[in-house]
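These notes open a run of structures that come right after.
In what follows, subunit A forms one complex with subunit B and a second complex with subunit C.
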Partner chain A sequence: MTTPLPPGIQLEKVDDRIMTLNVGPQHPGSGHMRLIIKVDGDYIVSCDPDPGYVHRGEEKMAEYRNYVQNIPHLERPVIHDSCNILYPYCLAVEELLGIEVPERAKYIRVIASELNRCVYTLYWLAIYGIFLGHSTMFMWPAGDRELFIDLLEAMSGARVTHAYLVPGGIRNDLPANFEERCLRQVDYFEKRLKEYQAIFYKNPLLISRTEGTGILSRTDAIRLGTTGSVLRASGVDFDLRKKEPYDVYENLDFETVVRKEGDSYARSYIPYLEMFESCRIIKDAIRKMPKSGSVRTKLKPNPKGGNDEVYKRVESGRGSLGYYIVSNNRPEPYRVKISVGSFRNLICMPYLLKGELLGNMPSVYWGLNYWPVEADR
Partner chain B sequence: MSTIAPQFRFSRFVGSLFDIIFWILLLFSLIGLPIVFIILFYIKMPLVNHQLLTPYLAMTWMADPSRTLPIIKTLLHTTFFHVVAFPGFGFAALLAAATIFIERKFLAKIQLRVGPLYCGKVEGILQLMGDGLKLISKEIIIPAKADKPIFWVGPLLFLGTAAAFVSLIPVAPGWVVANPSVGLLAVFATIGFFPIITVLTAWAANNKWTFIGGLRALHQMIAFEIPLILSLLSIVILTGTLNLSQIVESQQHYWWIIFAPISAIVFFICIIAELERVPFDLPEAESEIVAGWLTEFSGMMYGLIQLGTYLKLYAFAGLFTVLFLGGWNGPSVWPPLSPDLITNGITIGPITAKIAGLPLFDQEMLNGTLWFVIKTVGVILVILLPRGVFPRIRIDMLLHTGWYKLIGLAFINIFIALGLLYAGVLGPGGLIQ
Partner chain C sequence: MGSETEKDEQPSETAAISEDAESVSKDETKKSHEEQGIDFSPDSSVHPKPIPEFEKSISDKIASKFGSKINVDYVRSSRIRISTKKEDILDVAFFIRDELGYDHAESVSGVDYPDSKEIEVVYHLGSYTDDKLATHVLTLATRVPREEIPNPGKDSTRMTSLREVFYSVEFHERECFEMFGVYFEGHPDNRRLLLPEDWADIPPFRKDFKIKGR
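Up next, the complex of A and B:
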């Protein structure tokens, strides 16, 4: 006697061979999310990512604060990449309010966001190392991250949540002798980066473990709407800093890193190679920057946006990051929609993990450059 | 400063210790001693060697080395002392504790850190004691649906098996707890218990992660036990004995690592896999399966398993030393006591003291222990090194390594050993003795 189920509810067929694992949220290899993984022996049959454990309602909160009050809380989803998550907001608000940014401020913004990209990538790399059981690769990037944190602290006064970029420029000018200090530390960092390659990226065990696993083809990468390093690892030459250059990126000398393999190794290698490009950008920007001048255009008190809408996006550490802001003649925005790279890359996780070994789960998961807090917003 | 005792000062602590000692001495001499003498006044004392055994005489004898040294010497050669202290558990646990400290500082140096620094004032030397105290004071949580008796007994069995393994390792000539004529077979038998204990505890915890971790450990240990046994067969072929002490004695002029290098490499890789150390730490891979088969252990149960793991590390390193690096053999560092000193005694100015049982440890034992410890610590350091350099490997690569490459290499080495034996180079009656 089985009672008919209500429409919409389906009972799962129970199979003795299949075991369901809840990876997270209390799991050292999950972050603030849950992966519902079904395994047959050591092979993953299906994977169902379940984000949403750290939803903060940033978009709703933004509707109750004016354009300047929104700055500190909008950087909370990715405190390690706070300059890059504020960048599109500042660009959008400047367009909405019709503000012109001084030339020096544009360069300093680029320097700050590239420094912050390195901070984020090093943190990501540290966790990638410990996910693969390589404890030295956890300690080295976590230690070298201090170089950039110190620089950003000198610029903004805060170690992680800088709130440095504001609509109209930057909050305050650079301290004295910042340029020499920055160049010296970036030069040292480039030497350290080469050592990472010797201990981690050229490690035969790492290569044999990640090469050829979790392959995402070029067509699949475009079809699934991935972005950032995941897209570039699959052979698509797409970097917003090159394709839709904002502020002064068109004047600066750098290249887009692209690899064709589309496997876990390529996805872990791209952010590392991009740190070299970030160092190039920082050095070039310091060389081309106007040595003096204003860094901030003063806003009117409680500025009102017109009856308008605007969408701006930048290349963050995790791919394209966009803000869609609608205003209706009030000091507060009517609607703020944040489009983040993490959430887009999460979509390809079930495709990549199907049929993989359970041991490949950490490398595929963290290779997607996914930041759970940012995806939940 | 510690948050547990914010007012703690080391000088005050030492001062309070002196206070306590002072009061104990004062109270003992003022109250205790009179009571003892009053009691002795009413008790009839026995006659020993036609002398009345007064407390004064007993104390004189205790301070007389010619009477106490033979007693200590007899104690040193009892089985109890062997098991508890020197070649057995105490010595191994001391080396294991040193290993943990060395591992932390060594890994910290690789990773540009400082390691434990505060506990114990000097380079965090008491950190391990602090960790042990923490583990003891923690609550032991048993999962509700666990198979409780097996879950309880698992850590004890693990530690016991590791201690049994330690007892088979000869440290110095004659200094070994158990010296069976089939010593190497006994080692294999002891190692064979570890997968059983692992699977039992993993199953008893009734948890998905322990289950997967236990199965991984089982696969890993079985895959690496066969090349481990095969790699040691060449040593048995060359020496013609299974007794570990005799294997050490056969290496007085050359070490077996010279004639069986492939065997040594295979054995070394198998050691790392059996110990579940990086890069073969799949059964405890935290980013995949939380802590593997150790997930549900808490408090001192986890501590016991860790102690067992480090005893196992010491025992495997000792086994490598015994089989390939010549065990206790080495140049004489510790000079022997002059026979003049033993027969005629020591003359210091007007006093000539003759002490009967003076050489508590003979020179062979001190030299042997020194060389054994140096070699074993060296092997342990090389076992620890991969932790700072390698990532974890995957289960399919691990099984491929174990079943294809290492078994093939071990067979090649057996043929090399047989060739050396039948060509008359090595072995009984060979060219090199």
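Up next, the complex of A and C:
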């Protein structure tokens, strides 16, 4: 009956009920990533994430360059949030080399990283809209994102890859009249942000597809070591800007957003509410910032780190982002490990998607605030 | 190695020569550097710092339990480092979770030391449940033997997985296995994660794997 197979070729035994689906690796919204999903009818039986399509060896590359040369390539894993991914690197190198940062630079860093957090969150929200087939929700955040990109371009000269934060402060001072322009745009954006409520967060389309799906309990969120909005959506009050304040966050007025539901809706809502807090931080920082002064402590030529190690972390758009740097009296770091929120939240994916409807997969997946390029590094 | 150290010394020698020749202008250049805000003072060296009270209470607790099996270092404020042998790491990890209150792993990093023929595996542990520990990251480190010609999964580069203690290490340990060749015994899923399926070279984050052209 059956024709004999050529040597070396095997046929996989196909189950009667279970079908295997490859979701990806070509991805419409972000970097490439594959989910190997087994479905029984419309229900997901198991999910095996397969990242690594955009692994670029950032950590290995960092071992070949000195502490200043490392700045521009280390922001590549997440170019929409480039200030926040450089922030812990700068803090770690400053601690390693014993550099003091001027007060004004600390405030400008906070402003830059909060503006960048909004850029990231708006991009994330735009893709969320696309994932759920809501094209207005793609257009609005993508348009409003330009406001912040313009501000960051005025600050640093580049639209997305700013390389603005450097060990010792920031690359250059703010342009003239930046404060007024920033306050005006943030005021406008806060009004605009309220309109998102009506079109997206009170939309029956979003609510029916996200409320009660992919529930992650508080215990599991802690046990799985999740971070960022995923953790705070499950009722854990943990934000490094409050818990381990770096630079001037302890002087600024803002609150941590926590929800107790732990479902996809809460995970989509928290980054949105945090944008209001970001606006508060920016306005408060502009008010409290010293109006003049140095913005950068110059490094020695080719600084060396000593026999030391340091672990520094900040709260990025996707959760805690840490750098572990080992140095050995050389101008280059001996080892750089980047611990990113996306990689830490990856473990939730098989856990949350099991038993879920296939139609809910996009909202659960994107609600985890997962950025493949950052996770692969 | 020899050529590298020579390269390092060269600039300092030339600097010494120029110092002799232009000893008059030395003060002026120093002044101008001060004006520009360039700091030429020696590197901040690691000197013993007094241990703050809270850090001391944690390190005392763990030292009284395990004694000479472990080595507790105070690296800097709210960063304590515990080094242990790979045979004891499971007991120490259970103690850290149950008695000290650390509940999740933030990262698992390998650090390759070819000179001492060892690979160090470093766990960074944090706590969400205990508010007092929120700023603290505990570093738990152990060293595994390193083979000159690696054969990942089959050689002596192996240690006990901490997955049954900290569930969150699952993907981090998989990454450490493929990047350093450290096999984690008891890990349910020691497959490749980030590297391509057809990767046939040595684990790429080891020091003897060189980037092409470097």
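Everything below uses one rule, namely that the second predicted complex is superposed on the first by the 358 of 377 C-alpha atoms of A that agree within 3 Å, B and C clash if a C-alpha of one lies under 4 Å from a C-alpha of the other, contacts with A are read in each partner's own complex, and residues count from 1 in each chain.
What we mean here is this: contacts are C-beta pairs under 8 Å (C-beta built on N, C-alpha and C of every residue); 3 or more make two chains touch, one makes a residue touch a chain.
Only a predicted model underlies this, so the values are computations on that prediction, with no experimental measurement involved.
K.L.:
Name the contact category of A:Arg159: first (subunit B only), second (subunit C only), both, or neither.
P.N.:
neither
K.L.:
Which of the two, subunit B or subunit C, is in touch with more residues of subunit A?
P.N.:
C
K.L.:
Name the contact category of A:Arg287: first (subunit B only), second (subunit C only), both, or neither.
P.N.:
neither
K.L.:
Could you look at A:Phe131 and tell me whether it touches subunit B, subunit C, both or neither (first, second, both, neither)?
P.N.:
After superposing on A, A:Phe131 lies in contact with subunit B but is clear of subunit C.
K.L.:
Answer with first, second, both or neither: which of subunit B and subunit C does A:Ser339 touch in the superposed model?
P.N.:
Second partner only, subunit C.
K.L.:
In the superposed arrangement, which partner chain does A:Arg184 touch: subunit B (first), subunit C (second), both, or neither?
P.N.:
neither
K.L.:
Pick one for A:Arg56: touches subunit B only (first), subunit C only (second), both, or neither.
P.N.:
neither
K.L.:
Looking at the overlay, does A:Gly225 come into contact with subunit B only (first), subunit C only (second), both, or neither?
P.N.:
Touch partner of A:Gly225: subunit C, not subunit B.
K.L.:
Does any part of subunit A touch subunit B in one structure and subunit C in the other, and if so which residues?
P.N.:
The answer is that subunit A has no such residue.
K.L.:
Please give the residue numbers of subunit B that touch subunit A in the complex, ascending.
P.N.:
107, 110-113, 208, 212, 278-279, 281-282, 285-290, 387-397
K.L.:
So in the complex, the part of subunit C that touches subunit A is made up of which residues?
P.N.:
Residues 36-40, 43-46, 75-76, 78-79, 81, 103-107, 109, 111-112, 122, 124, 128-129, 134-135, 137, 139, 166-172, 175, 192-196, 204-205, 209, 211, 214 of subunit C touch subunit A in their complex.
K.L.:
Can you tell me which positions in subunit A touch subunit B when the two form their complex?
P.N.:
The contact residues of subunit A facing subunit B are 19, 21, 27-29, 42, 129-140, 143, 199-200, 203, 205-206, 208-209, 357-362.
K.L.:
Show which residues of subunit A lie in contact with subunit C when the two form their complex.
P.N.:
Contact set of subunit A toward subunit C: 51-52, 55, 57, 59-61, 64, 95, 97-98, 222-225, 231, 236, 238, 243-244, 294, 297-298, 300, 303-311, 313, 320, 322, 324, 326, 334-335, 337, 339, 343-344, 346-347, 376.
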